[in-house]
Amino acid sequence: MIAPNLAVDIAGLKLKNPVMTASGTFGYGEEYADYFDLNALGAIVVKGLSITPRTGNPTPRIVETPSGMLNAIGLQNIGVRTFIDEKLPFLRQFDTKVIANFFGDSIEEYAECARMLSDAEGVHALEMNISCPNKQEGWIVFGTDPMTMDKVISVTRKSTALPLIVKLSPNVKDIGQMAKIAENAGADAVSAINTITGMVIDVRKRMPVLANKTGGLSGPAIRPVAVRMVWEVCRAVKIPVIGMGGIMNAEDALQFLIAGARAVAVGTANFINPSAAADVVEGLKLFLQDEGVSDINEIIGTLR
Amino acid sequence: MRRHFKAKVIDNNFAAESFKLITLSPASEVSVPLPGQFYMLESGRSTDPLLKRPFSIFRLNDGCLQFLYRVRGKGTTSIAGFNRGDFINVVGPLGKAYPDPEGPFIAVAGGVGIASLYSLLEKKRGKAMLFYGARNVRELICFEEASKLSAKAFSTTDDGSSGVKGLVTDKLSEFIKNEGRSMPVYACGPHPMLKKVAEIAKHNNLKCYVSLEEHMACGIGACLGCVVKSKSSAVEYEYKRVCKEGPVFDADEVLW
Amino acid sequence: MIAPNLAVDIAGLKLKNPVMTASGTFGYGEEYADYFDLNALGAIVVKGLSITPRTGNPTPRIVETPSGMLNAIGLQNIGVRTFIDEKLPFLRQFDTKVIANFFGDSIEEYAECARMLSDAEGVHALEMNISCPNKQEGWIVFGTDPMTMDKVISVTRKSTALPLIVKLSPNVKDIGQMAKIAENAGADAVSAINTITGMVIDVRKRMPVLANKTGGLSGPAIRPVAVRMVWEVCRAVKIPVIGMGGIMNAEDALQFLIAGARAVAVGTANFINPSAAADVVEGLKLFLQDEGVSDINEIIGTLR
Amino acid sequence: MRRHFKAKVIDNNFAAESFKLITLSPASEVSVPLPGQFYMLESGRSTDPLLKRPFSIFRLNDGCLQFLYRVRGKGTTSIAGFNRGDFINVVGPLGKAYPDPEGPFIAVAGGVGIASLYSLLEKKRGKAMLFYGARNVRELICFEEASKLSAKAFSTTDDGSSGVKGLVTDKLSEFIKNEGRSMPVYACGPHPMLKKVAEIAKHNNLKCYVSLEEHMACGIGACLGCVVKSKSSAVEYEYKRVCKEGPVFDADEVLW
């Protein structure tokens, strides 16, 4: 049998397959190079970057929950400069697209960060993490307030010619509507979902387990919510959608693709199985062969 | 050499009340671990528990990896349920090992911290002054075997059921004061013990290496979950990853 | 040692202990009478009632997910009349408060339903399920739209003198704000959280597993989200809060109490362990004894 | 008599490829189940899998409860992992049993549906005309034992590896046509098979009882997850709970 086609196109970004890594769960790629050939992936999305380095939150930063985990890393990162100088050269070795996830404390920072990353050789697309509070305007989270969201995307849009992916927060009432706002503000694609805010309390100490009190829930626990939200997003917008949330294997990934996502990202699963993302690629191939489908694009959005 | 492999459970028996020793035979060729390194062990078949759990290499025995672990929460309870013949997923060896002591050295173990130091004692047979503290004699696991591997060995227990009653760090202080020797210190145990050991070492101008613990998700440096505050020349402090820059740190680097 | 005090007061409703059952997970109580003495509970909350009986959704109605389950029962119920005539007499035998959960398709139905239930002997409080769409006004879900929510609560408030508990939907951006609206509209207490909307897709069939496509996620998977939301609600309002979402045992219940909930409800756990709610009561007693605390009220809201 | 109890696993062995037989010894006094009733069995120690799983009582043996189950998804895989000596939580017996056939009767089993009918064959030794269909001879579990308990026994397989090649319902039709006897029909198996059996029975004016399956959360009538459409005099249709009003229904009641 001929190998099925896995290539997909995200707003002009050609991926050899629809499997990416989720930001913050794959470091800068190099951590996983010991475990599998990074050429196997459609794209690598790196840990969220800001203009200047961030130290992040105090510990404990993570706690396990039933079929999931909370994290409050606090966006620790090495900063755009160091990323470009020290991490990007390594990633350029691979025939895999590199997507830079980034964020800022203000609209200006978002725009500036996008600009800096756009000039770097080997960054193929940008993913805006808008689940961060706006320091200048009363700490409103960019991605949960329609007006703030529209503004930060519109401005950032103007500062980059790369495909701009907006990563949606699930901590909203109507994620489809938020996706529509992103589309109208100039996003080339949207990705969903980011983590859902949660808390675990140590009942003996009467204290939250995380030093930051709350953290973001990820992993299989959130998958049903993620699939539903991605499905809503796909029905709301015409731009491509990247689905994620609790994907552990190819079958989970297929739920998102069938719901309409053009690509998927593997997150927490990388922690449990360092070759999870590559295994998903293999699993998708097997599924297509098994079902006698020659092109993954014939699976996308086929939910009846 | 694979650092992510399947291994067959050869044995998984109680070493003492609530402590188990698991022996794993890797199904493929794997790297030889160094004392102080650790592995992430699968915590069960389902997604609850979800994450792998970190354990120091206890011994390498006949090509098999051995881990000594305390059954505590849901992860270790699940691992305790693995049976002989089961296959489990393993990632490792991971992290930085203890730097090789050149001559005699002091080893300080608190409770199950002995797991991390045991293979160092084996490797440097007869070179260690061992200080081993536990809650009681039942939790003073393999003290006899460890003593045989050491030049001298002292035990302390909280309840006096073996060795001196009291803190292992008091015994250590006393020893250093009396014998005044200049040896590097290697320590693994609960955080407050390590902090105290670091103070004692500093006070006596001894080099000191500590093996730290933090909640881990990935164990391979990707999630930034396991960081510790450490000294930095440039900024106030810097977060280092226990799984990558550690778990063994020069006590001087750590912001206690 | 003297047995610790477990009694709590929810807006004048005196419960012998803070443990209730979550609506829809305990039938009308009688299903569980074979498994433990219902007198053990603080309160029984019955399956959601409407003025006239409902047939509910086609099957499959449930599907298991990692550490959780989706349900799309579709509010099948026997109707208020039959409940009062056939189920209430059984419940009156017990020295346990009975809370009637109810809903409607329109504001008038809510008010009428509350009125009918208020007249029945043996109903001690009402819990409004506002996670239902408003048929008359474009199927907006009552509990996710501030205006609609305010209206339905204000009107229903006037039709009953019983303690009125409003059950909040988690499918919102800011649950604290929604709780505030409920408080201002006259709710005596709020309960949270209802299920989070999710979907599971059968990848071979390219179809949602549930006949209704989406369903409500419950169980341990949602507990971290529920604890966080209940904590936010407790900080937003002065009226008592009833916490729920994934409680399997006393330790889980304590997370909600420490976060500030005055009482808790056990839901999905009843399906896995028919005496789960009674076991939580026992576990709370043991915890208090162990910690040397003589009154559960000294635990409530003690999060540091 | 407790309907929610702990039971000790006495045995949990393969009865055939992907079919296991689990034998449980209740730790407290429990009710005696009737043929057609079922139990909810714990699906593991953690919250994934979460819900208990429903299984028909296969046999009562020496005070032990036996269940014959097919290892399918994550729940049954987890149950298959229980070892001799483990304790598991059980709820049951639940649901309505088969009404006692007064004389000879027809029993139609599809695949693992034999689990539900076996104890009826045992109870009414020598009274049944058994029709048992499976995919192949390997999945035709305990056909020999079941034959011995029956007056007559026929097997069909999809691949002809035992008995007649084809559908069990075809064999049933043929038998009723040829022998023309008037006996009640008892059936358990996949939904399409049951539907067909109900049609055949109706067509031949035979009373027919079917044991249905639906996804279950509670098994005790509380969640309303397991309903089936059934005929109602008052309204168009009515939902009945498989766990409470069933799993055995008069085929005439069911809206197929």
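Note that the chains take the letters A, B, C and D in the order they are written out, and that residue 1 is the start of every chain.
Convention: a contact is a pair of C-beta atoms (placed from the backbone, for glycine too) under 8 Å apart; a residue touches a chain by one contact, two chains touch by 3 or more.
Note that this is a predicted model, so its numbers are computed, not measured.
Under the contact definition, chain A and chain D share the contacting chains B, C. Ranking all chains by how far their C-alpha centres lie from the centre of chain C, first place goes to B.
Here B-C and C-D are compared, and the pair linked by more C-beta contacts is C-D. Each chain gets a centre from the mean of its Cα atoms; for chain B and chain C, those two points are 47 Å apart. Mean C-alpha positions place chain C and chain D at a centre distance of 35 Å. Measuring from the averaged C-alpha position of chain B to that of chain D gives a distance of 53 Å.
Across the assembly, chain A contributes 66-68, 219-221 as residues in contact with two or more other chains.
Counting partners per residue, chain D has 46-49 as the residues that reach two or more other chains. Because contacts link each chain to all the remaining chains, their graph is best described as complete.
Within the complex, the chain D residues that touch chain B are 44-49, 74, 77-78, 81, 83. The part of chain C that touches chain B in the complex is made up of residues 66-67, 220. Chain B contributes residues 3-4, 46-52, 75, 89, 91, 214-229, 235, 237-239, 244 to its touches with chain A in the complex.
Contact residues on chain C toward chain A in their complex (touch as defined above): 65-68, 70, 144, 171-173, 196-201, 203-208, 214, 217, 219-225, 227-228, 231, 246, 251, 254-255, 258-259, 287, 291, 302-304. By the touch rule above, chain A contacts chain B in their complex via residues 24-27, 31-32, 34-35, 47, 55-56, 58-64, 66-69, 71, 73, 76, 219-221, 248, 268, 270-275.
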